[in-house]
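Below: a set of structures, written as structure tokens.
The two complexes that follow have chain A in common; it is paired with chain B in the first and with chain C in the second.
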Partner chain A sequence: MIPVLPIILAATAACAVTTSLAAVLLLAERYLVKYGKCKLDVNSGDRLIEVKGGKSVLESLKGEGIFIPSACGGRGTCAYCKLKITEGGGPVAPTELALLTEQELADNVRITCQVKVRNDMSLLVPEHLLSAGEYRGVVERITDLTHDIKNLRIRLTEPERIKYRPGQYIQLEAPAYGDNPEAVYRAYSMSSMPDEDNCIELIIRLVPGGICTTWVFTMLAEGDEVRFNGPYGDFHLSETDREMVWIAGGSGMAPFWSMVRHMAAHGIARKTTYFFGAVRAADLFLLDELRKLDDQHEWFTFVPALSAPADEDKWYGETGLITDVVGRHVPDGSQAEVYLCGSPGMVDAAGRVIEAKGIPPERVFFDKFG
Partner chain B sequence: MTAMFAETAAQLSPSPGLWIVLISAALTDNILLTRFLGMCPFLSISKQLKSAFGMGLAVMVVTGFTCVLNYLLYIYVLLPLTPYGVPAESLKLILFIVVIAGFVQLLEMVIERISLKLYFSLGIFLPLITVNCAILGASLFMVNNVAGKGYDGWDVLVYGFGAGAGWFLAIMLMAGIRHRIAGGKVPAGLQGVGITLIITGIMAMAFTIFQGMIRT
Partner chain C sequence: MELLAPGALCRDGFLGDDHRGLAEILDTDRAAVEALGLTHRDIAGALDTACRAAIAGLEAPVHLPGGNLVAQFHDAMGVIPSPWGEGKLFAKGEVVVTDAATEERLIYTPLSVHLIGEHGFYEGRGSPYRIEPAKVARMFGLGKHPNDSDTTSE
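Let's turn to the complex of A and B:
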């Protein structure tokens, strides 16, 4: 015979204990975790928003349409979501300490995914982030530029138009797949022209083992829906008439490919020399298009250079490290502005050459990526 | 019913006294070094003294309170049901886990509410120990001690905090040792967890010295 009574009693006891615990927790949540409405003052009265307290600053801002770049998804590891919280930030959490310098701590810079909204706050959000939004689009075309660099063209669906400045970047969402349980966001500069505002193009180089690039190279197909947010970044043409020196390597091409076509289309005739570095001829791309622009426009000079050309490359152009090539071509850059885009190693090396040439740091703009 | 049980237990073996309970829970029966329970946070959080302190304190507080809660649950809910055929021994495992998880959540909310300073030094470790097996282990051993050694409510309170204090002591010792060897040359294959486990083994051997302190 099945012992009915003990089973019923055991089940009742277990249910009673768990239910009463759940009730206690619900009550506690209702009466303890109650911060009510909190006011967030963005950029000294520029935007006043009211949010329900209890969530992180990063999430609360996202809910109000203000997208702060974050690569780790709010786990307090990437430190991209730094913002100045001038009032109401509360004590600094131990999870923030490792990510902030002494200077940043003194300046009230905080890791916004680790700061909860518990009361009214005042914070400073860089102007360009306020215009960033969330977009959906459909992959229109994927083309190979080299053996490990692809061009991704995305047609926007929701919203249908985007406004940005040449040189700015977006954050592409790679959805969860395989061993990656969560979506990740990676930054890519637009290589397209802002005039064509219903499409964006990105130049993506395969990073071995990279979550987002592996997804783009092996899974993403034409017709797939993608999401991204942006635009971000202050790497764009300055408001001056100074001569410009551009230095790029690999997929660092993207912002300059956007800038040069924008300048040509809008008749911005600033003297510009574009140095594009790669290892072998197989790593170069868009050469014909850029040489054509060089021929058509007096103000634009294109200098591709290879650091280690092989014999079969039949390379008659510049050789050597891109930093040496720049040294040979720009004898006096003291009046020029310098724009750098490429791997951290390349940008740092180029930065040292430029410093040696006496160009003041405020006239050097760079876009480093990992 | 409960009184009857308590009476029988008291007749079997009288409570050994609070000092003995404390010392045996913290030292001779150190939950980490003799049972090897709660190893994951012990290995990962013992890198820095400061975080080890917060973690150890959190484990101590939670072990202490959940032991008492689970004692009440065992004595007043599970034991009275045994005559009707309810298997208290199996049921306690499930219910103890639920009580611990619920208590940790509640404690986190309360601490965050009363003091942000305390929350940042102690509270952020709480979600990490919801499923710390040392805490469940302490509750289960507590039941054995109630039945076998005649622990009463006060003994259980002291036992819970004592077991937590033992864990606290172990992680603080380890954090201190790791701090000292941080600059030393550890062979590549042993760096991090490897050397920590070996040191834990040596510490466990050292702790056997306390075995003679209490006659059981």
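Let's turn to the complex of A and C:
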């Protein structure tokens, strides 16, 4: 008969030893290992950075003013912070494997929050991320636009000016509060005009259970200091003279509110039709301002639509899903450019309508809410 | 799991005020689903169908075919990763399914559908998007119900 007890004891002892060794190694790496200075070569010599080893690539770059967007705060779950590390990245961690395709692995793409700087490295950072910076500002005004959408106006204090293109976004920092142990960053399109370069405005919709929007809606007050980084993104007006069709819903208003005022201020008279969808009248905002721009400029047409108006809304405008309204108003878009900003569902549905109108994909630009 | 805690991926986390361990939460819900004669995928499938219909409605209420259920999606900006760490991202926003006859409501997210279908995780008690398997079964008319008594045991 096989003695079971000694086998169980031996297996338990082996597990205990392995676990203890792993714990010792982790603690040793955390408290005892000193990596010293490491050199990061960004974009083949364009920028050479010296950092103290031991932190993640994401954190190290942030410390040097290079902000790589991340939705999970460096926890290795969102896969937003991918960069090519061409030299010195070391072996791919198991936590990265699930987040990288075979092609990405072959191309040396890494999840930068999961790669520690232990030695010199060479990495490639997209140019548009290199031009982003960190800003401090003071909340000048918070305005309710609807029951769940606020406009936040931030006056810059350090640096005092920002340069960006209408349609770009920033990442706002929500500091640690309550059960949230550390600061998080969330992306918001700027709704302000770049000409007014000493402040930015954001249109923020409350996300149920959202860390950042809860902070904005319940804690942030006028006069508070805030931090953000940016600008980011390639969702902006093209350099052509093509007619434009804009489609948005909810806080997808932000980039278009920036673009239309920028166009009006700079005499950019590209024919533009802006379709904005909401469910009820109470979900619409900036209606008077956009109608005024529609009256003032022949090139601009504003088409708000409600998908489920109630009698008390007294709505006499367009009704139906915004995608259906676009279908009715745009008979042939084959020469147009299309700009979409909204939820993934809205952008996908609008994309199908646009495709049916014969607009090629290279002339469709979208911002899918992150 | 660290990512299930409040503040890790979302304000309230995924465990609510449930003092049970994750394994116990998963085991209890698995037993509840089996008692209904269902699988996690059955539950997730029904929720997914309603979620897709709601998303297609672009925030307007959508009547689901063959019953009293109305689904509505409340959009939100951004995406949220799965706390299981598979690198999958899900649109934020919540689905509200209402039974027009009883006014019973079910609130969940696109991430909930994934967590139930792939991991059998219905979230802890007290979590904002905790889903009771029996409630889904009742509202969507799935599986065995308490009233469907087993006559052989009588």
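Note that the second predicted complex is superposed on the first by the 331 of 370 C-alpha atoms of A that agree within 3 Å, B and C clash if a C-alpha of one lies under 4 Å from a C-alpha of the other, contacts with A are read in each partner's own complex, and residues count from 1 in each chain.
The rule is short, and it goes like this: a contact is a pair of C-beta atoms (placed from the backbone, for glycine too) under 8 Å apart; a residue touches a chain by one contact, two chains touch by 3 or more.
In this text the structure is predicted, and so the values were computed from the model without any measurement.
Q: Considering only the touch criterion stated at the top, classify A:I211 as touching first (chain B), second (chain C), both, or neither.
A: second
Q: Classify the contacts of A:G230 with the two partner chains as first (chain B alone), second (chain C alone), both, or neither.
A: neither
Q: After lining up the shared chain so the two structures overlap, which partner does A:P166 touch, if you call chain B first and chain C second: first, second, both or neither?
A: neither
Q: Taking the superposition on A as described, I'd like to know which of chain B and chain C A:G137 touches: first, second, both or neither.
A: neither
Q: Touching A:T95 in the superposition: chain B (first), chain C (second), both, neither?
A: After superposing on A, A:T95 lies in contact with both chain B and chain C.
Q: Who contacts more of chain A, chain B or chain C?
A: In the superposed model, C touches more residues of chain A.
Q: Residue overlap on chain A between the chain B contact set and the chain C contact set?
A: Residues common to the chain A contacts of chain C and of chain B are 95, listed in rising order.
Q: Once bound in the complex, which stretches of chain C touch chain A?
A: Going through chain C, the ones touching chain A are 2-3, 5-13, 55-61, 73-83, 85-87, 89, 91-94, 128-129.
Q: Give every residue of chain A touching chain C within the complex, in rising order.
A: Residues 71-72, 75-79, 95, 98-99, 176, 178-182, 186-188, 204-211, 213-214, 249-251, 277-279, 283, 307-308, 321-323, 342-346, 349, 369-370 of chain A touch chain C in their complex.
Q: Show me the residue ranges of chain B that touch chain A in the complex, using the header's touch definition.
A: Touch residues, chain B against chain A: 50-51, 54, 73, 77-78, 81, 84-87, 91, 94-95, 98-99, 102, 105-106, 109-110, 112-113, 116-117, 120-121, 124.
Q: Residues of chain A touching chain B in their complex?
A: Those residues of chain A that touch chain B are 3, 5-6, 9-10, 13-14, 17-18, 21-22, 24-25, 28-29, 32-33, 90-95, 118.
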